[in-house]
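In what follows, structures are represented as structure tokens.
Both complexes shown next keep chain A, but they swap its partner, so chain B is in the first and chain C is in the second.
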Partner chain A sequence: MENSVQFSTLFQQIINGLSLGSVYALIAVGYSLVYSILSFSNFAHGGFLVVGGYICYGLLSGVDVYGFFEIPSSGIWLASLGALGGAGIVAVLTERLAYKPIRERTSMTLYLLIASMGVSIVIENIFVILVGGRFRALPQDIFPSALFNLGWNVTVSSSDILSLVVAVFFLGGLQFFLSRTRWGLAIRAAACDLHTAGLMGVNVSLLISIVFFVAGLLATVGGIFLSVRYTLYPQLGGITTKAFVAAVIGGLGSLPGAVVGSLILGLAEMLTAGFISSQMRDLVVFSMLVIMLLVKPAGFFGRQISDKI
Partner chain B sequence: MSMLLEVNNLHVSYGAIKALQGFSLYLEEREIVSVIGANGAGKSTFMNAVMGMVKRDQGAVFLKGEKLPGKNFMVVQNGLSLVPEGRKVFAPLTVLENLKIGAFSRAGHGDVNKDMEWVFSLFPRLKERIHQHAGTLSGGEQQMLAIGRALMARPQVLLLDEPSLGLAPIIIRDIFAELRRINEEGVSILLVEQNARQALLLSHRTYVLQTGHLLKEGLSKDLLSDPEIKAAYLGTREKR
Partner chain C sequence: MKKSLWASSAFVVLGLILIFMPLSGYEEGIVALLCINCIAAMGVSLLTGFTGIFSLGHAAYMALGAYTAAIMTVRYGVHWFPAIVAGGIIAVLIAWLIGMPTLRLTGDYYAIASIGLGEAIRLVLENWQSFTRGARGFPGIDSYTSRTVAVGFFTVLGIGMFNLIYSRLGRELKASRDDRVAASLMGFHTPSSRMKALLISAFYCGISGALLGGYMNFIQPSMFDMMKSTELTAVVVFGGLGSMSGTLLGSAIVTSVMEYFRDISQYRMLIYGCLLVVIMVLRPEGLLGSREIWSFIPIQTLRSVFRPMPRPDARPKERG
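On to the complex of A and B.
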């Protein structure tokens, strides 16, 4: 009896962990993608996710757009589409307005890092002013909430399955884009040497914009699932710290690394919650980071050992 | 012969350092022109300025009489392709991917596969290593790949920045022989070299650059026997 309880908890937490990890992965690949091209950790990344979350919330709660366009609360797909595009555009604008002027004047990535921290604070406070600091729940009925019993007391919620499926879809799409398209090849070349990519006739400014658009879009996919899980508030972007840790554990700049790191982190968190205590989750996460940095600073898939933050 | 590339009165500075102070040259169709000079003479600066990679204080570049835009990627789209100093192949990408990215500026125009076959006919060793990561190639093979990659853009002018850098003399001879063949197949070449002997042997005409200024220009075969050039640039065979 004791054993079967243990087993069902294990199984349950593995499913929960994969679901959470897949959401982290959507966010972590954006960190890694930007890092691979511009060699700095974009701490405004969490802000993009918040922007997307609020666009989605706004559209869903039937904000009148110019008084004639209203999305019914069942229109999650339409609202998500708006949120993904909107956050992508905000990410591109952030790069153009805040980072590009710095990039053009200096090659010191430290300045970019500091600017990104500034942008993150700006975005957070814009939402505190505009919509207030309250926690907002996305309408409960937007995702199917049925529970499936898999036997042995293991249940999966359909929103967990949905987040897993959607994450696989988007990560697969990213993989396809990077490995099979002309611009994807250009991005991989730029990740190796941005300067030389320009010599191939690649419009480097456009390439960087594409990268930020993709990063903002993927972060928002993750952000919508996080808002459903934890509600939406201006500081929700802070949760991307975990995705950042995942990206570092996997090896910053490496996309497979970001995904693997995220899954490991999601599993570690959920197994800790299931077998030790929920309060220990963050402790375990950051202990893993510290151990990883001590033992293998470049991460599982990292290319070179250098300052990653 | 007709005028292909014309560089007029190029000035480039890095802060207070004036790296290029009014350098001009021209290249005719099907010609090989070289620029020789010692370390720090401004050779790479010149190439990068032509390619739109560094800001020009003054001066302009014309291709077939048309002024080239200042933006790097537009220069490439207009038909200039640079093999950069130190090769700069994309190490984590395969040989095939490196060649494909070389054709990026063409946006699928023309027969990319046919040009790839042409590159493989010039450098058969690349074909044998098509799925190998570029970083695992030897120095000479990487130089071949860098040249092949630049040719994939089907340039009107192929620019090379010190293709001999860090290579054994026997490999240098191979590479220069291939450059001659590439030129015979119709590609005009602008070459920048510290290895003056090889550059003079390969090119039709040569410019001698000294700390940002033109020191001398003339037919390469004349410069080979010029006493001043002999003393300053041909005294030692290998500079690096």
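On to the complex of A and C.
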């Protein structure tokens, strides 16, 4: 009897872990994509997710823009579409207004890093001021909520399945975009060497905007699922730290690495929550990061980096 | 006169002014807060500005110092002075344990590791309920951080820091910041000098955290999160990487601005975020760049003004 309980917990937590990991993957891939081009950690990535989440919430429940005009509540498809586009545009604007002037002046990524922290603080507090710091739940009926029983007390909710399917769809789409299109080729070239790609006739400025748009869009997909899972609040972007950890474990700048790292992280987190204690899950995440950096700093799929003399 | 002597005497004068200036109770509090923030900023500046190690987890050392001092004074009735020093020492010990494996990492990778370590320390403090009272925080700390205590620590640590950066070790750190390979070819053992920089910066942050506990009478793990670490590094970058006086200036400006906007606390963080972005866009090298503040005093011009008139028959010395 004891064994079967253990087994069902294990199985249940593996399913939960995969579902959480797939959400992390959507966020981590965008993070990693930006890192591969500009080699700096974009801490504002969590902000894009929050922007998308709030646009989705606003479109779903209908917003009244200070009495000027009213946007009626719309269906999930229109709301998600608006959220994806809106967050993508915010990401591009962030790059144009904050990062581009710095990029053009100096080659030190430290300044970009600090500017990105500034942007993330700005986005978080704009939402605190505009809509307040309350936790908001997305309307529950937008996602199917049926539970499937797989036997041995293991259940799968349809929103878990949906998040997994959507994540696979978007990651597959990204893979197709990167490997089969002209711009994908340009992005892969820029990841090798941005400067040389520019010399070969790639419009670098446009390319970076495209990368930021894609990153903001993918983050929003993750953000919508996160806000279904944990409700929506201005500090939700903080969860990106974990996606960042996942990207490092997989290898910074590597997209398959980001996906693998996210799945590992999601599983580790849920198994810790199931078998040890749910308070320990963040501790496990950060210990994994440190151990990984010590043993294999480049991650599972990262490029080996050595000092150039 | 040697630069370090100039800096030390400037610190003594500044300290005396801050201690004996007649101030209202509110202003005294701000002076104490300024000193506390400046101590932590000096520590981070040594590591980031002078050694080139970029850390995003130094708030954790402040937390260690704060909790050590708080637990020692409240639970074991230790006098505040040894408790504050012990806070610094505990931070150094933990930094040594952490630094041994992680200082091998360079660049962004150390920054990422420091985020993880900082968060891990905070989470341990949050979950060790029986010892630290967990996330609800640790109340009832004596208010031992008076203006005199804060200014005293600030003056002593400031003199120590300025003597350090003009010492052999300081030059060693700068050399290993500019080019690690070249520095080690010159015969410096760069791993050990990097370790020393980390330990000293952890000590400063630990002391600062211990003083902060006595200032606020209450500490909470969430006071020392990644936001606080970012703020520490941002202040150093704002003042100018590689400029200790710039760090102090930056820390003073940021602390005062944040204090000034306390009434509109809703917009405070928004303004802070915008400030970070605008500074990085307009002046990424910070307020003073890598120069110290006295290098802006035109000493050569002053000398030529006050130099006695040369006698007409005086000849330039011939060089053999």
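In the analysis below, the second predicted complex is superposed on the first by the 293 of 309 C-alpha atoms of A that agree within 3 Å, B and C clash if a C-alpha of one lies under 4 Å from a C-alpha of the other, contacts with A are read in each partner's own complex, and residues count from 1 in each chain.
The rule is short, and it goes like this: a residue touches a chain if its C-beta (ideal position, glycine included) is under 8 Å from a C-beta of that chain, and two chains touch if they have at least 3 such contacts.
Predicted model, so just to flag it, every value in this text is computed and none were measured.
Chemist: Of the two partners chain B and chain C, indicate the one touching more residues belonging to chain A.
Modeler: Here the partner covering more residues of chain A is C.
Chemist: With both complexes superposed on chain A, which partner does A:Val248 reach: first (chain B), second (chain C), both or neither?
Modeler: Touch status of A:Val248: second partner only.
Chemist: Would you mind writing out the residues of chain A in touch with chain B in their complex?
Modeler: Touching chain B from chain A are residues 182, 185-186, 188-189, 192-193, 195-204, 303.
Chemist: In the complex, go through chain C and note every residue touching chain A.
Modeler: 54, 101-102, 105-106, 108-109, 111-113, 115-117, 119-120, 123-124, 127, 180-181, 226-227, 230, 233-234, 237, 241, 266-267, 269-270, 272-277, 280-281, 284
Chemist: Write out the stretch or stretches of chain A touching chain C in their complex.
Modeler: By the definition above, chain A touches chain C via 39-41, 98, 101-102, 105-106, 108-115, 117-122, 124-126, 128-129, 241, 244-245, 248, 252, 279-280, 282-283, 286-287, 289-290, 293-294, 297, 307, 309.
Chemist: Which of the residues in chain B come into contact with chain A in the complex?
Modeler: Answer in residue numbers: 51, 53, 72-73, 76-77, 81-82, 84, 88, 90-93, 97, 100-102, 104-108, 149, 153.
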